[in-house]
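Heads up, the next two complexes both have subunit A, just with different partners, subunit B and then subunit C.
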Partner chain A sequence: MSKTKTKQEEETLTVKIYIMGSAHEVPASLTIMKAMEYAGFKIKRGAGCRAGFCGACATLYRKAGDYRIYAALACQTQVEDGMVLTQLPFVPAPKAIYDVDSLKPTASSILKFYPEVARCLSCNACSKVCPQEIQVMDYVQYCLQGQIDKAAELSFDCVQCGLCAIRCPAEIPQYHVGMLARRLHGKYNTSTPETLLERVEEIENGTFEEGFEELMSLSKDGLKKRYTERDFVDQKKA
Partner chain B sequence: MKMIRGYPEDMRKSIDNVNKTRSKRIDQIIEDLSLEERKDVLDNFHPDYNPKYKRDISWGVNKGDNVPNEVADVIEAYPMVNPNDIDLNQIDYDVNILIIGAGGAGTSAALWANYSGVPKDEILLVTKLRLGDCNTVMAQGGIQAADRPVDSPLIHYMDAIGGGHFENKPKLVKALVNDAPKIIKWHKDLGVMYDCTEDGSFIENPGGGTSRNRMHCSKDYTGLEMFRTLKDEIINKEIPYLEFSPAIELITNETGGIAGAVLYNIETKQYFVVRAKTIILTTGGFGRLHVAGFPTSNHYGATMDGVVMAYRAGAKLRDLDATQFHPTGAAFPEQIVGLLITEKTRSLGAQVLGRNGEQICYPLEPRDVEASSIIKCCAATDNYIETPTQMRGIWLDSPLIEEIKGKGTILKNLSAMYRMMNRFDIDITEDPILVYPTLHYQNGGVELDENCYTSLKGLLAAGEISGGVHGKNRLMGNSLLEINVFGRRAGITAANEYKKKSTVGKLTLAHVHKSIKSLDALKLKDKRYSPTILPEYRSDIVRDRLVQLYEQSL
Partner chain C sequence: MVQYSYFPGCNLKTNAKGFEETAIAVSKKLEAELVEMPSWNCCGTVHTLTSDNIMKRIAPIRVLSRSRKHVETLKESPNQVVTLCSMCNSTLKIVNNEVKKDQEILDKINYQLEEDEETYETDMEVKHFLEILRDIVGYEKISEKVVNPLEGLKISPYYGCMLLHPEEAKIDDEEMPDVLESLVESLGAELVMSPLFKFCCGSYHIVDQEDIVSSQVEKIVEAAKRRGANALVVACPLCAYNIDQQQKAMARNSVGKSPIPVFYFTQLMAIAMGEPVKINYFNDHFINPEPLLKELGLIGRKKAK
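Let's turn to the complex of A and B:
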């Protein structure tokens, strides 16, 4: 037995999806998130930026006649007929507490706070589930090998949705591990440019104070003139 | 409808024009507009300058200010809670510093209050959704800081004030540009990964309206990389935070100063009373109010709640007549309409093109001018491209980036953009992106001074909620900067207040009662309630049913 279609549903191309087990007819053009709203859910958990950057809308689904578990960000994925969906808006994976100033960019820094990294089974379930298609297992392995630079770069596009941690048979919180690797790399493996340090010193010495005073005393017309006459040294202009 | 590599067949004809003209355009530079020409295109095509989208505020401190209708709607709305239902004798949280809003500005404020000597347990950070569900994580292109020898904070100052139509508050602009290098150094010390060249210097790009390349970036995940580091630090410092608990009203004391806030747990629907000596408002902007009917690039909770609460308590607002429409929101495919296509695509060389593949304007004008030029092309000419759902847009020629800067530039520098479009089968290294302006940023807001004091005692503000820093139009890369500069300053100011001996006073909601009286006098036709908290996107069928159920229950 199927539900009688409403007028609106008859006029639009629709698909049938299952939200937490119950069937809903929704327009085929929608994302998973918009489809849930169309079906009547007011989302409180499971939506943040709605643009693929915050990781709040991690979603697992299966498709009709397919044994696989798929993963996606609900705001970035179009519905398909027969999708069986569930959202996992929260992954319980405690973040270690550390003082990044007292660490070194080494494997032992990582293992000190996340010893479970050594339990990695190399099953690659984390990489398979990642909605950002990051090679998660590879960066975990780089951490173990002390290649913090590579771990930082490989994990860079992580939106910390936590799906990797929930699929991991070794119970590693990969997205927290990647965070620590990036901070170690950003702080210790690259130097702070001299020009930045010099500029900070100039500002602290009040080098620009006189210039500011002069600019801030200008009338609107004076500012307009100065603005129109400013030079562009980096860009080509007509 | 036949689709070819992500685009419908009939849009492909126009893409062919883009591909054909590319080699001819590679060195072609369109002249940018003079101040007079800018004014002309803004007057005619920017929604800010169209009276039909705006009206005057009818009550309170800023009565008579002309603002978007959607802003007036939430200001001319009743409190969502009856003040008599709140028991102010039952204080649930008693702290020194309450920070409302846990995006970039709120987390910076919390960290700098803590660095400046306020013990963690004297700070409470509260937020509507999760720690970090904010516009900061969605910022892609970069953060400005004048740290190259060829640049200076004074040049940055001129760029910002010209971009803002010379209406910015000078002391705020000075704070913004002069603190910028310090902020980058702070981030570097925390371990934020800014993009560097092989020799270790920062990669710095241009932005619309900047006269020097000073945009520091972390691929096109700049805000995410910055925020997740700040969040990591908040947790490391064990600063207490409450999620899913937006503030819905401020609490005043007998002298009209701010003394706390009422929180609302959006899951259990309980109210909680917080008493605090200093309250820092960092609730962000109004994208989810969909000003002038535009889609938005903003996060789910961007509903201007902080401005509403502050206004009821008597805070002065400014520059809310000015709304930022980002020139390049996605216009295709339908699933992602309005989502941000970062300005960094144009920083790296992408041009904006009409349907014949000819450039329509200089690609790096200040945002309001660029957006207006695109709206003009779509509204006053036939040089636009139409999608199957009748959305109009123009082309952003992303493949040109690889022609100029070499193969692999997009994957390396625009991986978020590549990934987003690729999810819908569009390869932006091969094909252009269809764009149209999207509602992006609240230029104005609560007035503050350079130490983040507002017009109300006990109330500080920082970030997008504030007005004055950007005048009538913000430049790219000055908002990631603003949240850090003014978040930091608010934290330091709050720490100075912490050291002073003073009492909070008796808690009251007298200002809410007073607001209700003012609203009653307006005799509004529609009875609205605010703050909005979350926008409503459920389908009409569902909403109609909910209204029926509600009416039956009365």
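Let's turn to the complex of A and C:
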């Protein structure tokens, strides 16, 4: 006999979780975010795209019998029995204001706006909590070394959830530092793609205006029909 | 060809690029190649004097542990991490010695590194590139590779503090060092001894007490010049910065001061060994050494054989 549970059993299986200290029985199949809503919480801050891209739903939790602090995106993580958790509405972290056009892609540019980067102890607490599994400490170190290209590359998958900044003993807002590194890299180390310039010129010359006007004039049903029948043939070549 | 796991440190990637590129070039020529660690963090400088500050010691131990892994990927590499910056050399050596003597402190640090699979087994040695040149390569082999003897350069070695102090991190005798002296002579330059070879350069006072640095630098440079030096050789990016930049500032402020260029020892080696001039990054220097090198015919001419 197979021990696989039927769909019905799977749905009714529940786990006990502790949301901000109080116990709740919730279906085991839910994500942390859905479990909190199931338990009656209305999440005003700390929820966004619900698809793991926006980084709004940073969550800290512990598990029964485990000393470690875990971190995750609430919309991407399934509840486990004995979880003790809370939802973070906001991460306080200073965001520097700068004019990227007047900077250079160097360590001094980073240190000018985020001098605390030099306090990094290389403890790697930031990398351990990153829900995107980014080597956060290493990109912070690349910034300090002026290797802006490597910092931009390594921090590329960041969703700006801010968990790294919460865990940092050197109080560095890593995710803002990574953003500055990527801006510097994009502005100074990479070339502008020719196709982008071509497309901008096409837009400025009004190439697409007629097409847009036609779409705007369609009824909802007409638009739906057009959408389902669309293909990606290159109009220029066709 | 022996390969060494090379730890750069932040300065070598920012304001001492000429130090790094010339070092790598000559290391290949001398078959003791410096290969940069794939990823590395701050050495942990300035070394903490608080014996129970574990956090501050995580960085140097992580460097040693990552270098140990790097060694596995290299050819004929000993269990050694090689540095160019004397500050990194000092910090890494001191902490390595500490954990070799004190299992308890190593255990505490390793608890923090466990999850990253970067625990350290005390099986590494820290070497400054000067030690490799002196003890492994040898001055004779260095002389053999010289194609452009540094005739006309009168060089005064300046050690600063970190190469000779403290006891557990020094690379040479603290009163009578000779590693830079022997190196300068093996490159065909004239050696000029100065009594202020380790007189403090002013160090981090450059950040908020520039006058201290300027008065130190003035004495160091004057002592060397009075004995006939037309250049200084150093191994520390902070010494280099202070002496180079302060001379420029002093030349601006007073009449009659003629500054002398500051070289990293690897830059002198690269010039003597006929490496391309551009790897020296002389544009980054405050006192450009090129006019002197041209005047002496050491760069900018075809070598007549």
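The working rule: the second predicted complex is superposed on the first by the 181 of 238 C-alpha atoms of A that agree within 3 Å, B and C clash if a C-alpha of one lies under 4 Å from a C-alpha of the other, contacts with A are read in each partner's own complex, and residues count from 1 in each chain.
The definition used in the following text is that contacts are C-beta pairs under 8 Å (C-beta built on N, C-alpha and C of every residue); 3 or more make two chains touch, one makes a residue touch a chain.
Owing to the predicted nature of the structure, the values given are computational and were not obtained by experimental measurement.
Look at A:V159: by the touch rule set out above, it reaches subunit B but stays clear of subunit C.
Of the two partner chains placed by the overlay, neither subunit B nor subunit C lies in contact with A:A23. Applying the stated contact rule after C-alpha superposition, one finds that A:M216 touches subunit B and leaves subunit C untouched. Of the two partner chains placed around the shared chain by superposition, subunit C is the only one that A:C123 touches, whereas subunit B remains out of contact. Of the two partner chains, neither subunit B nor subunit C is touched by A:I69. When the two complexes are overlaid, the chain among subunit B and subunit C that reaches more residues of subunit A is B. In the superposition on chain A, A:R230 makes contact with subunit B only, not with subunit C. Listing the residues of subunit A that touch subunit B in their complex gives 6, 8, 29-31, 34, 37-45, 47-54, 56, 76-78, 95, 97-100, 132-133, 152, 156-157, 159-160, 179, 182-188, 190-193, 195-197, 199-200, 203, 208, 211-212, 215-216, 220, 223-224, 226-228, 230-238. Across the complex, subunit A meets subunit C through its residues 106-108, 120-124, 127-128, 135, 137-138, 141, 144-147, 169.
Residues of subunit C that touch subunit A in their complex: 8, 10, 13-14, 39-42, 44, 55-56, 58-59, 62, 112, 115-116. On the side of subunit B, the complex with subunit A involves touching residues 29-32, 34-35, 129-130, 132-135, 137-138, 145-150, 152-155, 157-159, 161-162, 166, 170-171, 174, 178, 181-182, 184-185, 188-194, 196, 200-202, 206, 211-213, 218-219, 221, 223-225, 228-229, 232, 235-236, 238, 244, 266-267, 297, 299-300, 334-336, 339-340, 362, 364, 415-416, 419-420, 423-424, 534, 536-539, 541-542.
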